[in-house]
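Before I ask anything, here is the structure I am working with.
Letters A, B, C, D, E and F mark the chains as written, and numbering starts fresh at 1 in each.
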């Protein structure tokens, strides 16, 4: 398959980098999408935000004869990483098998040099300590020193995959924060970003009222009276945030 | 059910805040209680101690028709949190399902404003980063951005529940430290607190002897000769603790 | 069984303390050994390196009548710890059952006082906070306040065991870093250490080239042209590391 | 809570006993209900159909002190079974813990004598061989000889519960066949039964055409042309079912 | 270790072959033993009863270098089976790893020829269909065609082991029926057999009364009035069973 | 991808239908292939043998927006089944998710009408009772009434997939018996079939000697003396099999 073209607008990316994955999850659910959060992955660099477009890599289970043909040298993994473009996130399907590494520090460095925005894998990472030093956000299922050939064959790329329970189509938007990673279908990125910003604005108001001692009733979610007050509060803050 | 009255004595709470969950576990086992430690939860704020009385909240599995009736607005979760009193710990049964959030930062803030002592959930937490900023101890099975309606219906409160493998009766005492959370049946709180204090005193002596190079034999647990020495040591320290 | 004699050479230990478990894993795999990394354990003290020789301890499942005979007093656990020698690593088989502790701070202190090099357990640790204060590297499956009698009988020592999926023979070499723990069969320690050092040297060259923007093709793994350049680079650095 | 009144119409029960759980699942999904099949249970008597109305029983995790008060004698389990009425199905929440029995042959006999329609438990069953001799349909997670006090406290009854991942409200309709068990919300029973009958009629036509060698295209699901033919076929069979 | 001498009395064996594992479980629990049922195993020949004395075999995780030394030829598995005596049950610890066989039809035939009473393994069995033809009771975690070297090293025998969560000491009594397998410590065999017989007698009376429509109250367990009636019933049946 | 051409020779297929999966597993392992048995699947029709060539079907995780585009009508599943040829086995990757069906009786009938040799799925099957009536061998992870849209999107076909832990390339040979299913790489089919036949011949001799009371030593595996005797035995039986 051809690599997806990166159509994420810079201003959308910028908004997505400012809102939380929790907020995005709620916006996606309100649009009927319940399976967009990557369950069970841990941010290796919770201090860094990640926003980018998915490039996908698929590992199958190990079979010794097939590994001999496809495991070594310029395998599917290396070929894909050598073509990663600016703002792209490498997403790896490893069948949630955490008994072997799926990427290490040298390949992650190559991805970063090419402008890649981050890595998401539902398998393990080797050289985790070295990778954490790269200033690259990534999310992984575990750390494991074993090389990929213990469990995996790097099979193909730029196909739909399942990673950590989420169906990822090449070109989808991937957003990560210190709480985890979430997917936004490419077609919804602008709309979801705008709605998320609005939601966070409302929640800031709600938090202030809760901090002031008000009850949840009619406040969260906003009832009609509180919504009126929120609008005044928003107006009072000018352009809001 | 009516909310349990908070009968934990301040002096008992104070002792419980000074001893470790490991020590409490041993005291409970010596009284025939083997299932009081909440398995598999992680402290979000290991720097904070938690001592309080259990208020319970029960989530069942999702069913779309029932969620419509009970999931939104002032559901069982919000009603309970709006009645949390000082020194109470919210304990949530989420069937160890970590694929959706069970509480987020706004509700946690409401609980804190009302004087709540902490939160324990065997499901996941949304907005974990924001919740960690609240100076409220809490323990959770995972972090997950998905809203509770993905997996749960908030069903009822102030009933016996099972959380992380522990049967919690409303009114039980809940203690958390940097190693995890443990339950003490309300009726045993004073006795267990006193015995735990005594045990830690003995273990301080044992640690000093081990640090000085003595063998474990006759020392841990204290044999009769070492007990005699311990008692002298204890006397020598005056009232000690 | 007699305790294994510690035959790890100091210079080998010193090399092993300088290379990563990821590198060691690759060297072991190239020698046909695929099951040497302890899956699923977490370093409690990622700031400390661990190198030592395995002393093994085996826990079986709890049975109340057998626990009465073998669980208390100077049980197999305490007898073994009282004989730990300098540079030895205590490795515990707990059947990956994380619902009870397998060691706590007092016994860990005893091990440290005797010169022990660290602890590896596929069960849980009690008093984790206190143990972390000891300046002793250890790796565990979880933290759990429950005492071992909840799930385990300490049965015997210095036998082959399975810990975290790895078969450990008494006397094997155990190496831990911030990414996890790995086993090297005693007979391979010198050879693997030397080869690992060489590999890390090559990978330093490769990383530099990748950082400079070169493609992975022919570079990782080193093709003949790049190997020639690597050798010049290595010469240029003199004795290199 | 009062026991639910059994409002399942005999003619609806009769239809439900003639259609498969697979068909019912599809009808429920088309009404937005995705979580009604009890995952992971096995029919002990696949030769018997089961249709009835849910009476619910809840087990919590074991705690020794609470078990002493609530485990023995006429506990919640026995009290409920002594009130089971004709056409009722006992549904047990055992937290999918299969390490202890949740019901045995004597209590199942009592239920049968009272006219109960069957049993569903996501825990284990004791005396499975004896229970299978009772001519009573039941579905269980496993067989286990251990008594319930090993893991459970029988807590309360006629409350909403979660069994095998399904939220069961007292009074819901429970249907079992040789493939498993499914729940129908009481309010939907008549409508779903009628639609399921219609669906099976269509599928009989489709099966005949497939057996005759026709392609799936336009046939499954029925396209407009095939639907026309189906209607003729249906007419040709008279009132058919 | 020397093989345990088989001290099970024939009359005790005969009683144990007539009572259910469910009854035995209850008798063991009333003596404080809660972990004697082998969880999660399936009887391959539910039509055959099994009673015998445990001979134990331990498999560790695979390590390629150790397998070369201990896996082939007359390994620990074959050496043990060649010494199995009449009335002995082979019990295998395979760490509940079901991804490889732990015994096949030829070795099972050898065991049977030597008078062995059955096999219990918490791993898988190869050649299950052929083994089922041998008229030998056995219980296994799964069926798997893979040979043991895929996952296991046969390590040693006649040591305490953990099988399916149960600590087995060589010489313990092992009883299997169509519901599963249970262990009785050798020292308790006579006492537990007698008590189990008595319990089944009482339960026969209770079942008859339940079948006749009596309530559970005062009947199960027997209250004082019902106990009086039971005794008359028992007298009326003469020597009873 | 184009469908693989079916190159399995009839005489090879015939041999493969006569040897056990256990024997094939051993032959594959002796050729360095350790991951060819489909773990954890159950034969629905243990009375039928299955031999055929793999056609592969891949399901990804559910995403509601993608399901709308690809789930209904002539989806990837139906398109593939409509092209199944004689002697082909449908192999489905369902990520071992057993919470929804992956095929039901109508599609299985279509496959059978087209000459398909069987079905292997690591997900669940709907309408299992009806499917068992079709005289078609199939192997599945579970039975589940839920339709595939609850968990899966049928994505593509005739690609490499992972099913039950086994990497399946389109065109590989799939063999099933009453013990389970195994894969043979297409290139090895003739050689493995011949060697398996020879192995079973030897094992028949070994079984006869074991039945006659001989020790395992030197017999299993055949030592030089026993091999000599085996060859005489084989000669005595003429061409034997």
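One rule holds for everything that comes next: a contact is a pair of C-beta atoms (placed from the backbone, for glycine too) under 8 Å apart; a residue touches a chain by one contact, two chains touch by 3 or more.
Since this is a predicted model, take the numbers as computed values, not measurements.
Asker: Considering only chains that satisfy the touch condition with subunit D, which of them also satisfy it with subunit F?
Answerer: Looking at subunit F and subunit D together, the chains touching each of them are E.
Asker: Could you work out how many touching-chain steps separate subunit C from subunit D at minimum?
Answerer: 2
Asker: Report the inter-chain centroid distance for subunit A and subunit E in whole angstrom, where each centroid is the mean of the CA atoms.
Answerer: About 50 Å, centre to centre.
Asker: If you average the CA atoms of subunit B and of subunit D, how far apart do the two points sit, in angstrom?
Answerer: The answer is 37 Å.
Asker: What residues in subunit A touch two or more of the other chains?
Answerer: In subunit A, residues 34, 165 touch at least two other chains, as defined above.
Asker: Draw the chains as dots and join the ones that touch; what shape do you get: line, ring, star, complete or other?
Answerer: other
Asker: So which chains end up touching which?
Answerer: A-B, A-C, A-F, B-C, B-D, C-E, D-E, D-F, E-F
Asker: Okay, in this complex, where on subunit C does subunit A touch?
Answerer: 20-22, 24-26, 29, 34, 37, 39-40, 46, 165, 177-180, 182, 203, 206-207, 210-211, 213, 215-217, 220-221
Asker: Help me check something: in the complex, which residues belonging to subunit B touch subunit A?
Answerer: Residue list for subunit B touching subunit A: 72-74, 78, 81-82, 98-99, 101, 104-107, 109-110, 113, 126-130, 142-147, 149-150.
Asker: Could you pull out which subunit B residues touch subunit D in their complex?
Answerer: Per the touch definition, subunit B meets subunit D at residues 32-36, 60-66, 95, 153, 155-156, 159-162, 165-167, 169, 185.
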